[in-house]
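Given below, in the form of C-alpha cells, are the structures.
Both complexes shown next keep subunit A, but they swap its partner, so subunit B is in the first and subunit C is in the second.
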Partner chain A sequence: MKKESFWSKPGTRSVLASLVAILIGMLAGGIVILIVGLTNPSLGIKGAWEGIRLVVAGLFATGRDATGALTFGFNPVTFGNMLFRAVPLIMTGLSVALGNKAGLFNIGAPGQYLAGTAASLYIALSVPTNVIPSWLVWLLALLCGMMAGAIWGAIPGMLKAFLNINEVLACIMTNWIAANLVTWFFEGSNLKNVLEGTKSGYIYKTATVMNDIVADGVASTVGANVPEGATIVATRGGIATSKLGLDRLFAGSQVNGGIVIAILLAIVIYVLLSRTTMGYQLKACGANRYAARYAGIQDRRNIVLTMALAGSLAGAGAALYWLSGNTEFFWSTYQSLPSEGFNGIPVALLAINNPIGVIFSATFMSMLSVCGQKLTELTAFNEYITDVIISVIVYLSAFMLVIKTWISRLHKGKAVNK
Partner chain B sequence: MSFLIRQTLVYAVPLMVVALAGVFAERSGIINLALEGIMIFGAFMGVLFVRFVQQWGWFQAAFEAKNYLALQGFCALAILFAALMGAVFSLLLAFAAINLKADQTIGGTALNLMAPALVLFFIRILANQNTLNMYTGDAASWFMLKKAMFGYGRKDEMGFLGSTFVDKVYVATYICILVFVVMAIILYKTRFGMRLRSCGENPQASASLGIDVIKMRYAGVVISGALAGMGGFVYVLTTANCSANGDVAGFGFLALAVMIFGNWKPGNICGAALLFGLFKCIAASYSTLDINGDGVYALKNLNINTNIYRMMPYVITLVVLAFTSKSSRAPKAEGIPYDPGMR
Partner chain C sequence: MDHEQDYVIEMLHITKEFPGIKANDDITLQLRRGEIHALLGENGAGKSTLMSVLFGLYQPDQGEIRKDGKPVKINNPNDATALHIGMVHQHFKLIDVFTVLDNIILGAEDTKFGFVQRKEARKKVEELSRRYGLAVDLDAKVEDITVGMQQRVEILKMLYRDNEVLIFDEPTAVLTPQEITELMQIMKGLVKEGKSILFISHKLNEIMEVSDRVTVLRKGRYIGTVVTAETTAPELSRMMVGHDVQLVVDKAPAQPGDVVLSVRDLHVPSKLYKHDAVKGVSFDVRAGEIVCIAGIDGNGQTELVFGLTGLEKCSAGTIQMCGQDITHAPIRKRSEAGISHIPEDRHKHGLVLDFSLEQNLVLQTFEELRFQSMGFIRFGEVRKYAERLIEQYDVRSGQGPLTVARSMSGGNQQKAIIAREIDRDLPLIIAVQPTRGLDVGAIENIHRQIVAQRDAGKAVLLVSLELDEVMNLSDRILVMYEGEIVGELDPKKTTVEELGLYMAGAKRQEHAEGVRA
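This part shows the complex of A and B:
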C-alpha cells in the first residue's frame, strides 16, 4: 500500500514525466544518428553504433585505443567541464523557473544574460586592480552583472505590469535590443583583444593582465611584460573565479568555484519560494494575478520584482561564466543571441520549475553538450545532435500534462490488471 | 535611390510574407512563435533542393544556353519546395498545439531550437562545414534578372523604373508579393478566410455554426508554415547568395514585430514591413548610401551608429505596443487551446 501512494504522488509523476521526455529525446537523437549512419556508406551501422554510445555515455569517453575502438572510463576533464558549463545553465534555468512560478514565461533570459555579460566584463577589465584588490573587483563584477541583468529583466516586467503587454513579446524585443546594445558598447570600447592578435572579434579574457603605461610621454596598453623605463598608470584585469581546489579533483578541466555559488543560489531561491512571504506572494500572482490583488498582494510590484530577480539570476550566470578567466566573449553579437539563455528554458521545464531540480537538469544538459563535443571529436557526427535532443525534450515538455495523464493512466491500468 | 528602393524591397518582402504567416496562424487561434525556426528549416530545404537538382544536371544546359525562363522556373520550384517543407515542419506545432493542447509558446520555442539544430547537423554531414552552398555557380548568375536579358547593352540605361524594378532584381521577390496579395485576399474575401478568422476570435461560436475548428486551425498553422518556409528561402536566396547556415539572424522574430506593428492586418503589415526593411537596408549600407545621387553620403554624415538603425525596429515595436496595447486587435482566442465543451 505504501508503495502505491509513492507512485501516485504528483511529484513522482512529474519526475517520471521528465524522465520519459529525456528518454524520448535520446531515442529521437539515436534514430537520427541511425538513419544518417545507414544512408551513409562510410559510416554504416558500426559508425552509427559508436555515435549512439557516445550520445549516451560521452561523459565517460576517454578516446580510442590502438585498434580504433572507443574506450570508456572516468575522465576528469569531461567531468570538470560538465560542471563548468552547468553553471550558466543553472542560473538561466533558475531565472526561467522563477518566472514560470510567477506565471511569466521569461524568454528574455538571453538578453538578460547579455546585459550581465557586458556589465561584468566591463567591470572586470576596466577597474584598476592596483587600486582595488582583485577579489573585490571580482565581487563587484558579479554584482554589476546581476544588476544589469535585473534592469534588463525589469523592463519587460514593467511593460507587463503597467501596460499589460505580453511579456513574451516584450522579452523577444528586449533580447534583440540587448544584442545590438552590447555590440555597440564593445565596438566603441577599448576592451577588444588586440594584445593576443590570434583571433579577431573577441574581448580580452578577464584573466589577462593589462598595464596602462606611459613611455616617453606616449600612453599605451601592454600585457604583463612592461617595457623598461615606462611608468604604470593602472593595472587592469587578472580576474578569475577561485578554483576552490576543484581543479585538483578534476585536473585539466575548466571547473571553478562558480558551480558552488550556483548551487548555493539555487538553494537560496528554493528557500525564497517555499519559505518566505515574498515567495508565496509571487506564486499567488502566478496562479491568478487578479485574485492575488483581491487578497491584498501588490501584483504590479510583484511582477516587476519577479522579472528583475529572474534577470539578476541570468546576469549572475553570465558573470560566473565569463569571470572564470579563460573564456573569450565574441562581441559582435548583433545577429545571434547566447544559447545559454535559451537553454534555460529546457532546464527549467525539465526541472518542473523546482530550483533544486534545476541543478540536476542543468547538469544533465551540460553533460549532453559534453557528449556532443566528444561526438565531434571522435566520430563523423557532430555536436548539433545534442541540440536536437534538447529541442525534442522542450517539445515534449510543452505537453507534459498529457504525458502525466498517460503515466497515471498506465499506472491505473496496471492496478486494475492486478 | 533605385538602389535604396531595390534593397529595401529585398529585406521587406520576406518580412512581409513571414509576418502574414504569423497572421494566418494567430487569426486561426494558434500563436506561432516558431516563425524563425520554420524560416531556417525552409531556407535549408530550399537550398538543399537547388543543390540536388543542380547535381542532376537538368538545368546546367539551360544555364549555359542562358535560358532564363527555365532558370526562373527552377527558382519557383525551389520556393514551392521550401514552402511545402515549411508546412510539413509546422505540422509539429499544429499537432502539439491542437491535438495535445500543449502550451503554444513552449511548442514554438521547441521548434525554434529544433530547426537550427537539425539543419546544422545535416549541413555538417553533407558539406563538412557550417554552410550549405549551391552546388555550382552563385544565386545572382542563376536567378537574378539583368538588363542584358532584355536586350540592353552594358552601357545602356534602363530608366528609373527599369533599373529599380527590373535590373538586378530576383523574380522571387515578385512571386512573394503576388503570394502576399493572393493570401491576404483569401484571408479577407473568401468564405474560408472568414471561417478561419472566426476560429481565432471565438472558436466555440464557430463550432456552433458547423465550422470544424480543428481543421481550420490546422489550415491556419500549415499555411503559416508554408509562407514562413517560403519567406525563409527567399531571404537566403536574395541576401545570403542562396546558402543556408542554420540562421536567419532573427528575421522570424522581426516578422513577429512587423505583425504586431501592423496590428494583424495585411495592409498595415505591408507598410510596417517596408519601414522595417528600410531600417535593415540603412543599417547594412548607410555608409555608402547616396539617396539623391549628388555624391554625398547624407546618412553617413548624420553620424548615427549602425546599431541604432539595427535596433530601431524592435524599439519602435515596443513603443507601439506600449501605446496600442489597449486597442490592440490581437485575435481574442489566440493561445488558448480549443475546448469544445467550453461554451
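This part shows the complex of A and C:
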C-alpha cells in the first residue's frame, strides 16, 4: 500500500477548499468596502483602507490613538465576546451537520432553537431557587431546553419517517409554528420584564433575582430589594452559567463556561459519528438508505433519532446562550426566526459537516460578526459589510466540490511538472 | 432475398457499438407493407438498441435505413415522426391529468389564432376510433381509465399522426389476458387497413399467434428471419437462446437434506402496477440443493426475493425458515433466522458505495459483540475480519480494507458482497443474478463458491436470467411466468428449448408447485 502524501489526502483538500471559500469571501468583502469607501466622500481611500483592516483584523482592534489612527493588539473583550457568540453557532452548526451526515437537511434549527429558548427560560425563571439550589435549576433548564429542541426536531423526523413528508418542508413549517407558540407562551407568562421599565418586550434576564412577596395581604413580585415587613413566598432567577475562570482571561467580556460545554458536545458528536455503532447506522442511512434497509438497519427509527438529536443540539445552543445571565430575549418572535438557527447551515457547510470543524467555522463566523461590530464602532461603515462576506462564503460552500476539483487538478499539475 | 417485395422499412447491416459492447452487429430487418413482423430476443439481445436506431435516438456506426426503398437519415425522433414511424412504448407516455382527447392531440394540435381546434380534432379521432375499433372515452382523464384503454389511446396517438409504421415495444407486459386478446385483434385490424407493425416481444405464444414473420436476435447478432407459419415455438426458442459455449461447473449430484425454506401461497404486491407481482407461489428449498428460479426479467422474481428477504411486505401467504414463521418478521430478524442475501442491485442494496470496504463487510454484523462493545465499534476486530475476507475470497482493491467501495471494479464489488454473505455462514443463501455483468473468470469463481456452499450443506435459492447459469448450476429449476411458478424442471432431464417454452409462457405444468412430497 502506498502512503498518501499530505496534499492528496481528502481531508486536506476539504480544509483547503473551505479556506479558499473564506479567502474569496474576504476578498469580496474588501471590494465592497473599497467601492463604498471610494464613492463616499466622507470615507475616501483612507476610510476604505481602515475598513479593510478592521474586517481582516477587527478581532484585534483596540480603538484609536491620540492621532486618530487605528490601534491593534490583544483585546480581551472582543475575544471573549467572539467565543461567547460562537456558542449558539457551534450548537446549531452541529445540529445541521449531524442531520447532513444522516442524509437529512435540518433547516428546522431555528424552531428547535426557539423551543429550547422557551423551555430553558421558563425553567430558569420559574423554579424557586430558595427550594432547589440554583446550580440544579441551571442544569434542569439546560436539559429541558435540549428536550424541547429534541421534541421539536422529532416532529419533522416522524413526518418524514412514517408519512414520507419532505423534512425541509416540515421543518420550515414547524419553525413558524414554534415562533408563534413561543410568542403566545411568553405573552401569557409572568416572565415579561416589568421590573426594569425601559425593557418592554423583553423577558427577564436569567440572572435577575425576583422575589414573590406578600405584603399587607397583597401578593406581588419585586426585585432583590424586599420591602420591610413583607413575607417572601419564593425566590426565583439568579441563574447564570458558571464563568469557569474565563472571565479572568477575557476580562470585561460576556464569555462563560458555555463555550467549554459546546466544545465538549462537539467532541461527543464527533465520537458518536466516527466511533460508535449508532454513528455507523446514521451514516449508512444517510449514504444509502436502501442498502441500510437491506442490511436490516431500521431507517425510520434512525431518521426520528437523528432529528431528535439534532433538535436537542439546537436546543442546547439556545439554553447556553440565554442562561448566560445577561442576555435578554425579545419574546415577540412571531415575525422573525432567530438567525442563530439559520446560521448553523453555513457553519456546517463550511466545516464540511465535521463536528470538530464546526467549532472552528462557528468561531470564524462569530469573529466576522465581532469585526462587523468594530467596523460600526470605529468607522462610518456599517456591520452589514460582514454579512456580504458571510453570504459569499455560503455561496462558495455550495461550490466546495468545484473548488476541491481545482485543488486536486493543481496538485496533479504540480506532480506532473516534477 | 427477393427484391420484388414491397418493403416499407428496411434496416440493412446495422452495427452499433457502445464502449465495451457491440449492441447490434450487422443486423438486417426488413418490414413488408401490411405485415406484423415480430422481433424476438432475450434481454440484452439488442432489440431496444435496434429500435432506438430506427427512432433516431442513436445513430448507427454502420448500415443503412430505407423507407419505401429510398435511403433516409433519421437523426432524431422528429425525423422518425416525419417519416410516419410511431411507437407505443412499454411504459406509456401519457399525461395522467389530461383527457384522452388532449393526450391524443398533444404535440400535433391544430390551432387557429393560437386556440386549439378541439372540435375538428375530436371528429378525426372519433372517425379513427370507429374505423379501427379502438373504443376510448375521449373526455375521461387518463388517470381514470384502464391500462388497456391507455394502450388504445397510445395507438390512436400514432394513427392521429398518420403513422404507417407502428412499433409496439413489449405491449403485452402490462395487460391482462383478455386485454392481450383484444390487442391482438386490434393489431390484425390495423394491418388489414394497410399499416405495418413491428412487434417486439419475447413471449413466444403471442408471436406465434399474431405475427407473419419473425426476426430473431441473440447477443447483438442477427440469427435469422423466418415465416411464422413455417416454424414452431420450440424452433424459435432454440434460435433465441442458441447453443453457445456453456460454462460447465463440476458438481456432484445434490444430497438434499431437511427443508430450510418453505414458502406457501405467497403474494407480493407490485411496485409499478396495481396487481400482485407474485401471485400465490409455493415451494421448498432443502439443505444441500441449489434451487433456481428461472424466468424472463419482470415476471415477479425481484418481488419474490423482496418478499422473502423482507424488503417488501407480503400481501398473503406464509414463509417459514427452518420451521420458524418469518412472514411478517423485519429484515434483521429474517437475517438472524438464517437468510443471507446477495442482492440483484449491488449498488442500490448491496453496498454503501461511499463507505470503505471494511465498513461494507460488516454491514449486517456491526452490532454483533465481536465488532462492538458498549456501542463502540471495535475497529481492530473489524480490520482483522476484513483482511481475512479479502484474503480468503480474493477481493482485489487499491487500498485494502480502506478502499472506498465506489472505486472498486464491479467484479470485486460483487466478490466483496459474496464474501460477506457467505461468511455469515447461514443456512440459506438467496443469490439474485450473482454474475450479472461480470467477466468469465469472475463468473467461474462465483459459480464454484455457490456449489461449494451447497456441498457444505447450505440451501441455495438462485434467481437468474441467464439460461446457461440456470442449466449448469441448479439442481432443480422453478420457472416463473407472470408471477406464478409454471413449471418445475430437472436440469438433467430438460432442454434449453423446453425451458425457453416455459419461460415464454408457451407451456405450463398443472399444479407446478415446487413442493416435494
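The rule is short, and it goes like this: the second predicted complex is superposed on the first by the 414 of 418 C-alpha atoms of A that agree within 3 Å, B and C clash if a C-alpha of one lies under 4 Å from a C-alpha of the other, contacts with A are read in each partner's own complex, and residues count from 1 in each chain.
Definition applied: contacts are C-beta pairs under 8 Å (C-beta built on N, C-alpha and C of every residue); 3 or more make two chains touch, one makes a residue touch a chain.
Quick caveat, the model's predicted, so the values are computed rather than measured.
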Subunit B and subunit C placed together on subunit A: clash or fit? fit
First (subunit B), second (subunit C), both or neither: which does A:72 touch?
neither
Quick check on the superposed pair: does A:292 touch subunit B, subunit C, both, or neither? Answer first, second, both or neither. second
So in the superposed three-chain picture, is A:181 touching just subunit B, just subunit C, both, or none of them (first/second/both/neither)? first
Notebook entry, point to check: Where does A:278 make contact in the superposed view: on subunit B (first), on subunit C (second), on both, or on neither?
Noted result: second
Notebook entry, point to check: Does the superposition put A:398 against subunit B (first), subunit C (second), both, or neither?
Noted result: first
Open item on the list: After the superposition on A, what does A:385 contact: first (subunit B), second (subunit C), both or neither?
Closed with: first
- Message: Just checking: does A:172 make contact with subunit B only, subunit C only, both, or neither of them? Give me first, second, both or neither.
- Response: first
Query raised in the report: What is the contact status of A:49 with respect to subunit B (first) and subunit C (second): first, second, both, or neither?
Result: neither
Chosen between subunit B and subunit C, the partner touching more subunit A residues is B
Min C-alpha distance, subunit B to subunit C, superposed, in Å, is 7
Subunit B partner, complex, touching residues on subunit A are 32, 36, 40, 105, 107, 159, 163-165, 168-170, 172-177, 179-181, 183-184, 187, 334-337, 342, 345-346, 349, 380-382, 384-385, 387-388, 390-392, 394-395, 397-399, 401-402
Residue set of subunit C touching subunit A in the complex reads 309, 311, 330-335, 341, 343, 348-355, 359, 363-364, 366-367, 372, 375-377, 379, 399-400
In the complex, subunit A touches subunit C at residues 1, 275-278, 280-281, 283-284, 287-288, 290-298
Residue set of subunit B touching subunit A in the complex reads 33, 92, 96, 100-107, 109-114, 116-118, 120-122, 124-125, 247, 249-250, 253-254, 256-257, 260, 305, 307-308, 310-311, 314-315, 317-318, 321-322, 325-326
